[in-house]
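Look at the two complexes coming up: chain A is in both, with chain B in one and chain C in the other.
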Partner chain A sequence: MLDVESLSVKFHTRNGSSTAVEDLSFTIDAGETLGIVGESGSGKSVSCYSMLGLVPCPPGEIQAKSVDFNGKKLLQLNNKELRKIRGGRISMIFQDPMTSLNPFMRIGEQIREAICLHQDIDKNQAKVRAIAALEEVGIKNPEARFRDFPHEFSGGMRQRVMIAMALATEPEILIADEPTTALDVTIQAQILELLKQVQQQRNLAIIFISHDLAVVKDVADKVIVMEKGVVIETGPAQEIFSQPKHDYTKKLLQAIPDPDKALKSNEHNNSDVLLDVAALYKSYQRTEGPFWRKRKVEQEVLKNICFNVYRGEILGLVGESGSGKSTLSNIITGLLDASSGSINYNGRELRFDTLAQRKKVQLVFQDPYASLNPRMTIFDCLAEPLLLHKIVEKPQLQEKVEGLMVEVGLSKEVIWRYPHEFSGGQRQRIAIARALACEPELLIADEPVSALDVTIQAQILRLLAELSERKGLTMLFISHDLSVVHSLCDRVIVMDKGQIVEQGDCDSVFKQPQHRYTQSLINAIPKF
Partner chain B sequence: MLSYIVKRVLAAIPVLFLVVLITFILVRIAPGGPFDEERSVPPQVLENLNKRYNLDLPVHEQFFSYVGNLLQGDFGPSFKYPNRSVTEIISTGAPVTIELGLYALIFAMILGCSAGVFAALRPNSWRDYSAMSTAMIGICVPSFVLGPLLVLIFGIYLGWLPVSGWGYSPGDKILPALTLGAAYAAYLARLSRGGMLEVLNQDYIRTARAKGLPEWQVVIKHGLRGGLTPVIAFLGPAAAGLLSGSFVVETIYQIPGIGRFFLQAAFNRDYTMILGTTIFFAFLIILFNLITDILLVWLNPKLRSEVFNQ
Partner chain C sequence: MSTDIKIQGNSLFSDALRRLKKNKLAMAGAAFLLVLTIISILTPWIAPYSYETQDLYLGATPPSAEHWLGTDVLGRDQLTRIMYGSRISLMVGVIATSVALLIGVLWGTIAGFAGGRVDSIMMRIVDVLYALPFSIFIILLTVVFGRSMLLLFLAIGAVEWLTMARIIRGQVLSIKSQEYVTAARAIGLPPWRIISRYLIPNALGPIIVYTTLTIPSVILLESFLSFLGLGIQPPQSSWGSLISYGVETMEEYPWLLIFPGLILSLTLFSLNFLGDGLRDALDPKASKD
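After this line comes the complex of A and B, so read on.
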């Protein structure tokens, strides 16, 4: 159906030309799923956008022997002809359903717009179709929800709306660009199921772009592995995943967290309690109603949280978005106050009144791009906590900063650079170095690897495991990714809707989950 | 929504009261008085004048009697124009000033927003640079330079438009509106360019393109709503600036608006006139900011539902 032969995309900018995609060839037929796998910057999205005229030229330059869609040469079509295909016969869905729908427009209107554009029917018929499309993707009560705005839907529901919009025009090919990356694991499983189902019903061809190998393995018939714009390996999915030929593919597969190969030998003394959280509650008060008859509404976000963190262990905290895990970490670090309950640290109530107390608990955040001050050099960034806590004197400062850099696996020559000169993984190392600068006892890592590519993720996880072992650092590792937690942590806590539903030894929780929620979480992980 | 509006209107009352209080104190502190002239007035006459206008009373009593009258809609007599009350002057001048401001605002919106959107569609191209440098000039050239320039070109050399007056001959409202609106058009151009640039990089614009919408529909149907948000946020302050800044234009074009009285009152120490015009402008400024805020909430579905559900 779609036959692409040596597609290349170049970008010409003032700083010279760069090649985003080089010599990409593939074919896809009705009912097939083609997976395109690669890390960020590998050119997997650009290649699909370029076929449909979504890459602005200039600065882009697209070349190909042929891009043939049912006899039509896509690259030779003019704008108007291409628009008929784009969105009509080849539809797309995108990564972030939160931002991919127009927040100012009712969702029904957005779907109807797509239908009216590609099909010669009037507005009322289009509305009927749109409602049918919403129903098909599992939106309950579609007539009423037709008039809702995107913000009135949850993330998973919004992705369903996106899918409804893409399918409403009855396309032959659906390009799904990281469609489940921004979603929780149980929602991801539902969306993947939905895609498989509509594919069967409509004999749809799907191009599935993802960085997540497990997901691609789950859905794809054929796979293309890309790195830096170049196709590394291509073939049937089974073959690629069971007998990868190329080193890069092997490296990608090895980077997937493997619970059987624990990153860390858990030899620690389980009796020494460092952090003791008991009967912790947190609720927010909201006011409802007009100001002359306001009433207060209590919303509980944490209910009866009790757990211990033992000295030297890595404790995983797992939950989906909205489960309260970030609220909990904010309370432990003193950024929020609990409504009731107690947190004891080393046998005494945890307080952050003095610098010395503050220094014991440190944080590493999710987004290494946003969590480093872009106007401070790495030296300043690391020196600030060192001077603040009087850990070293001025003369030894540079030596200490260099030592920290080496400790997290970076070169000590680069300390005078600014954050934008580093890659995401390097920045996360810097963020870890900054936390280590305070010589903390407890490190709270809030989704520290979820913004990173899988190979980088593996490196950072190894670094964390190593640091915990070498320095005897205690760690609270917060993540939505169960396999990451399984491979790194000693024990795990599972949270759902503000409550701890299960806690225990990592291996036993993952192998024999007791609670229904944990079971559904574990079942939702794409199996490898 | 209603609850939100009521709350905002109630919050405006103490603001207005403070404006009255501060202005009242400031004009009394300022040296000189309404009856100080180069030609000195006999003491007996001055005493009578002070008595007539209650200026012989203690300041706090003057204040309370002024506020009392104000609550009944009476701004008091003008000290400078003994035959006319401040209420009368404002009610004849204000409609003219408001009309002028409105035309200027409409002109500024149309020119500014289209220039901004035009520039944002091709950032860093000649289109962008020419639109934005014109806007920069518009911001830099003050209205007392632009006004006479326009009069010279369109009124005298080309003879297309009348050079002064308001409502006496057809087209005499055009030049004043252009002069007053030019600087705001330039500001709005910059704001709408920035807003559009941000919105056009959003994911949902990519979605709109992926649907197969033609580019003009992408911009108009999906881009404008979000892109013009900063413009709407600026409308409140802009309307206030247009109204209170109109005295230059009113003087150039001989327009019987309120702006001239505003300025002259300050020079003349015409206490009641200063207070009256200040309160009037303060009221308008609060009103326009309120309208802007409501518009911003209304245009954003998420905020709208939050405010509704309050």
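After this line comes the complex of A and C, so read on.
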């Protein structure tokens, strides 16, 4: 149905030209799913966008022997003809359901608009179609929800709306660009199931772009592995995943966290309690209603949280978005106050009144692009905590900063650079170095690897495991990714809707989950 | 990179200066402003004529060998009057803008950083001052304090900082929620260091752009205030008053509008180029070297 032969995309900029995609060829037929796998910057999205005229030219330059869609040469079409195909016969869904719908339009209108653009039917018929599409993607009570705005839907529901919108025009090919990356694991499982369902019903061809190999393995028939714009390996999914030929594919597969190969070598059996959280509650007060009838609504985000962190262990904290895990970490680091309850640190109440108390608990954040001040060099950034806590004197400052860089696996020559000159993984290492600069006892890592590519993720996890072993660092590791937690942590806490539903030894929780929620989480992990 | 490590990157500003020097347009703007400043400082000694001596027989003459930029209706040398005018205008521009900058940036950062009740009280004060009609405010000031140049600066500064404070507060609110600020708080950095090292440097872009926009508007505001009787009085001159006078006689004596207008436009261009250059130079991401 779609036949692409040696597609290349180049970008010409002031600093010279770069090749985003080189010599990509594939075919896809009705009812097939093609998975395109690669890390960020591998050209997997650009290749699909370029076929549909979504890459601005210039600076882009697209070349191909042929891009043939049911007899139509896509690259030779003008904008008007291309618009008819794009969104009509070839639809797309995107990564972030929070930003890909127009917040000012009712969702029904958005779907109806898409239908009316591509099909010659009147508004009432289009509305009937739109409602049918909403029903097909599993939105309950579609007639009523037709008039709702995007903000009235949750993330998973919005992705369903996006899919409904893409399907409403009866496409032959659906391009799904990281459609589940921004979603929680249980929602991800539902969306993948939905995609498989509609594919069967409509005999749809799906191009599934993702960095997550487990997800691709779950859905794809054929797989293309890309690195830096070049196709590394291509073939049937089964073959690629069971017998990878190329080193890069092997590296990718090895980087997937494997619970059987624990990153920490020694078993942890310390009963010395470092942090003791007891009966912790947190609620926010919101005011609702018009100003003459204001009422205060109490919203509980944390309910009766009790747990211990033992000295030297890595404790995993697992939960989906909205489970309150970030609120909890902010309370432990003193960035938020709890409504009630107590946190004892080393047997005494945890307070952050003095600098000495402050430095004991440090943070590593999720987004390495947002967690470093763009206007400070790496040296300044690392020197700041060292000077503030008087850990070293001025003359030894540079030596100490260089030591920190080496400790997290970076070269000491680069300390005069600014954060933007580093890649995501390197920045995350710098952020870890900054946390270590304070010489903390407890390190709280809030989703430290979820913004990173899978090979980088594996490196950072190894670094964290190493540091905890070498320095006897206690770590609270917060994540939504259960397989990462399983491979790194000694014990795990599972949170749902502000409550701890299960806690215990990592292996036993994963092998024999007791609580229903934990079971559903573990079942939702794409099996590898 | 490796040999001169010690010298490099000691501060944002030495880096910025190096980058700024590469920007030709910005350097041209800076050079023009520098020359203008030197001339206006030296004006009492180098001006070709007196700014107040009238020659009613001469009247308004177009540019000539004796009077390079012509004379006005009262026969006063236009070049001299522009030179004296630039003393007033540049001073007003710089001082009033500095006042606005200082108050506005501090007010905005503190309000944005503190948040909550402090923020709403501080911003309501800004709203109230905004709502006050400007001319009434100025007239009140004149009635209470009488006329003086100092009051002129204060009055302009007191009005211009409001917008600055609002812009900065918005910036700070968004910067405050960045993770690097949270990281700074987790390290234990005191608030004033967070403000000076994290918030203000990252809000520099909008601050500089708005400053370059404020200076010209302040220069024009001065002519309006002079018209109300605050600030400078004839026979003293400023660019603003020369322009407003030039507009009245535009049809008969166009040079009385063209030359002050030209010098004001050139100043504004230079300011904008310099401002743009500064903004880029202060952003480490803007250029790789």
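Everything that follows uses one rule, which is that the second predicted complex is superposed on the first by the 524 of 528 C-alpha atoms of A that agree within 3 Å, B and C clash if a C-alpha of one lies under 4 Å from a C-alpha of the other, contacts with A are read in each partner's own complex, and residues count from 1 in each chain.
We adopt the following convention: a contact is a pair of C-beta atoms (placed from the backbone, for glycine too) under 8 Å apart; a residue touches a chain by one contact, two chains touch by 3 or more.
Quantities reported herein were computed from a predicted structural model and do not represent experimental measurements.
By the document's definition of touching, neither partner reaches A:Arg295: not chain B, not chain C.
In the superposition on chain A, A:Lys123 contacts neither chain B nor chain C. Of the two partner chains placed around the shared chain by superposition, neither chain B nor chain C is touched by A:Lys394.
In the superposition on chain A, contact is made by A:Leu335 with chain C only, not with chain B. Within the superposed three-chain model, A:Lys140 lies out of touch with both chain B and chain C [touch as defined at top].
Of the two partner chains placed around the shared chain by superposition, chain B is the only one that A:Asn102 touches, whereas chain C remains out of contact.
In the superposition on chain A, none of the residues of chain A is touched both by chain B in one structure and by chain C in the other. Chain A makes touch with chain B in their complex at residues 52, 54, 80, 83-88, 91-92, 94, 96, 99-105, 113-114, 117-118, 149, 151-152, 162, 165, 287-292.
Of all the residues in chain B, the ones that touch chain A in their complex are 2-3, 6-7, 202-204, 206-214, 221-222, 225-226, 299-302, 305, 309-310. Those residues of chain C lying in contact with chain A across their complex are 1-2, 5, 8-9, 12, 178-180, 182-189, 197-198, 201-202, 204, 282-285, 288. Across the complex, chain C is touched by residues 333, 335, 352, 355, 358-359, 361-363, 365-367, 370-377, 379, 384-385, 388-389, 413, 416-418, 420-421, 431, 434, 438 of chain A.
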